[in-house]
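Naming follows writing order (A, B, C, D, E and F), and every chain is counted from residue 1.
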Amino acid sequence: MSTVSLIQYEDASPEVKAVFDDIMQTRGIDDVNHFWKALAHHPELLKRTWEQLKVVMAPGALDPLTKEMIYIAVSIANNCEYCIHSHTASARAKGMTEAQYQELLAVVSMAHFTNALASGMKVPVDAAFDAGQS
Amino acid sequence: MSTVSLIQYEDASPEVKAVFDDIMQTRGIDDVNHFWKALAHHPELLKRTWEQLKVVMAPGALDPLTKEMIYIAVSIANNCEYCIHSHTASARAKGMTEAQYQELLAVVSMAHFTNALASGMKVPVDAAFDAGQS
Amino acid sequence: MSTVSLIQYEDASPEVKAVFDDIMQTRGIDDVNHFWKALAHHPELLKRTWEQLKVVMAPGALDPLTKEMIYIAVSIANNCEYCIHSHTASARAKGMTEAQYQELLAVVSMAHFTNALASGMKVPVDAAFDAGQS
Amino acid sequence: MSTVSLIQYEDASPEVKAVFDDIMQTRGIDDVNHFWKALAHHPELLKRTWEQLKVVMAPGALDPLTKEMIYIAVSIANNCEYCIHSHTASARAKGMTEAQYQELLAVVSMAHFTNALASGMKVPVDAAFDAGQS
Amino acid sequence: MSTVSLIQYEDASPEVKAVFDDIMQTRGIDDVNHFWKALAHHPELLKRTWEQLKVVMAPGALDPLTKEMIYIAVSIANNCEYCIHSHTASARAKGMTEAQYQELLAVVSMAHFTNALASGMKVPVDAAFDAGQS
Amino acid sequence: MSTVSLIQYEDASPEVKAVFDDIMQTRGIDDVNHFWKALAHHPELLKRTWEQLKVVMAPGALDPLTKEMIYIAVSIANNCEYCIHSHTASARAKGMTEAQYQELLAVVSMAHFTNALASGMKVPVDAAFDAGQS
């Protein structure tokens, strides 16, 4: 159950269709995934979200697969079911091996482990970590 | 303010000193950071945590810098102040450039953005993402 | 799957029935939603929760629709599936338009975006924001 | 302590100065707050964040004060210290009364309360809440 | 820095003083802690919060120390600095030993660890766990 | 839908079978639950996770039921569906009564309530809570 219906391409407004077209062309696919069809109820938000995502996930100082794995890490921490599935599928499509996936899960779970310990004891930050201004 | 005091090397039990020694040797440093000094109140937990972390963060299918960035991503999502500082410092020490840091922050914040949208609308997961069993 | 069964009106104790009756009368409905039927296993908790909620959500300095939208915002942040659905339905029943819903989602997702940036960089709070005591 | 230093206007690049100028002009203030000075290390991210925020927080189907209160609600749920302070100050500057603030806190805390109950018992969603597709 | 000032007993309204008196009498202390002084800006919320807390934390099917440790666990997960400090102090005042505290931290951190794994892989719930209705 | 398939005993590697055997023997059951079957794709992570969990959940300064309830509290805060179900079932198997479960839910939800208030107002920590070093 979702809070909005999914808007299919043929039922979309020209504004929405333009975004859908750009997503399909950029990704080389012939249909957009549910996230965009749900967001299509909000054309302005749809457009801004896609344009942001396209910039953020493009190759840059970090390669696309690393970005996907960082995306998965955040999605697990937020426990966003949709995002975990979409970005895990996407990471695999970009070449994530099972060994990399195992290590990703190992790092993510270990981070949750030590995060809980450091937050639980409220460990004071070492002065040596200071890179900005106290 | 923290919930426990920090145990310095000279005041530590032999069991704790052994872990501190291994941390310093593994990392090539001459003092351990506060996290370990706080955890030293709980020698068994200290030992297990360090042994886990050493294995998880070692080079493998993912390189150490990628692992640090994933660690930062989780720590931001959990808003663990200590962990954000320690792992950002650690990532920089392992060569993270400012351009990489900018992209890391961009991916992490964008993931929080779309996580909120997908969770907020409870978008149904696409069947195409299925890699396991429904 | 839930951790408790749902207790229907006809199977409820007099104490639970009294709460159910008050919910139905207050809301002008003829059956209570699942949340209350699950909570009915814990009559005291059921009673206190309902009495709190009735006070908190009543019209006051904030109007009921604004309260529902704030409730949705928290429920998205906590990713409480049940609460997202029940309060989105409730907000719509209280007149939330699609344009308002679009803006609500836009604000909520943007807040997650900048929350991640501010927490990730641990930006020091401006003295100008101080309204209490430092 | 923050992970980056704050970049002051006089030390900023022309690209950053342009964003700072727009923030000051839009808000009618003569200096930007720390968040933007920290983000100035990442000019592209700074620019996109500000442009997004300007659109999202502008008056629309929801009034600016309601948007600030929704922002506070999310910031509390994420426990973003900076954001709680900046948006609480901002809401007050936009006219939030103490009575409204009390009710905002009451709704936010109550939402956390029932979120925990509904998530803890994994209450099945009522079919009546369905507004999209099951 | 907090978003409100602290209201001292001598400056409090009769309604607030009555709550402060009950807190002090119930706990056998001669001043209330900061939480209540901050909440005193919102007398109705103060009163309801205290009355709830008094009932919830009273001895019952669970003993008070167990309740404090559960409270700490939630506070760590939410990373509520104030709550971690106040409830850790409270648990120690109620007799929590260092050995118990070590095990509490060990369970809490392990729970975060496996929570991340189960959420990250979206493991399907075993039918055998069903205690309610599917 | 999960991100990995479940590996059954008969299809498992000897390394995985050894862990499965130890889980079944330790718990006195004749099949492991889904969590372990999913984790079996990552034999090293499976082994370390199980060995950690076995140590952490063993009787010690805290009894096993108390540990399960703390585990539930964290799982609710993280909203880990699988973990909520598995540990609620486990707590019941270890003797958690309905009265204890009601109080557990009451404490957990109340903790979320006051966590939100304390974090929302950013209440300054009382000096009296200091047990470590400021």
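Operating definition for what follows: a contact is a pair of C-beta atoms (placed from the backbone, for glycine too) under 8 Å apart; a residue touches a chain by one contact, two chains touch by 3 or more.
Everything quoted here is computed from the prediction, not taken from an experiment.
Undergrad: Would you kindly say which chain has the C-alpha centre located farthest from the C-alpha centre of subunit C?
TA: B
Undergrad: Name whichever of C-D, B-D or D-F reuses the B-E interface, so over half of the contact pairs are the same residue numbers.
TA: Answer for the repeat of B-E: B-D.
Undergrad: What whole-number Å value describes the gap between the mean CA coordinates of subunit B and subunit C?
TA: Once rounded, the distance between the two centres reads 33 Å.
Undergrad: Centre to centre, by mean C-alpha position, how many angstrom separate subunit B and subunit F?
TA: 20
Undergrad: Using the average of all C-alpha atoms in each chain as its centre, how far is it in Å between subunit A and subunit C?
TA: 27
Undergrad: Could you check subunit D for residues that touch two or more other chains and list them?
TA: As it turns out, subunit D has residues touching two or more other chains at 1-4, 6, 38, 45, 49, 52, 74, 76-81, 84-85, 88, 102, 105-106, 108-117, 119-122, 124-125, 129-133.
Undergrad: Using the touch definition from the top, list the residues of subunit B that touch subunit F in their complex.
TA: 1-6, 38, 48, 52, 55, 125, 129-134
Undergrad: Which of the residues in subunit A end up touching subunit C in this complex?
TA: It is residues 1, 3, 41-42, 44-45, 49, 74, 78-80, 132-133 of subunit A that touch subunit C.
Undergrad: Enumerate the contact residues on subunit E facing subunit A in the complex.
TA: 72, 76-77, 79, 81, 84-85, 105, 108-117, 119-122
Undergrad: Using the touch definition up top, name the residues of subunit F that touch subunit C in the complex.
TA: 79, 84-85, 88, 98, 101-102, 105-106, 109, 116, 121-122, 124
Undergrad: Per the contact definition, I'd like the list of subunit B residues that touch subunit A in the complex.
TA: So the residues of subunit B touching subunit A come out as 1-4, 6, 33-35, 38-39, 45, 49, 52-53, 56-57, 60-62, 66-67, 69-71, 73-78, 80-83, 85-86, 88-89, 92, 97, 99-100, 102-104, 106-108, 110-115, 117-126, 128-131.
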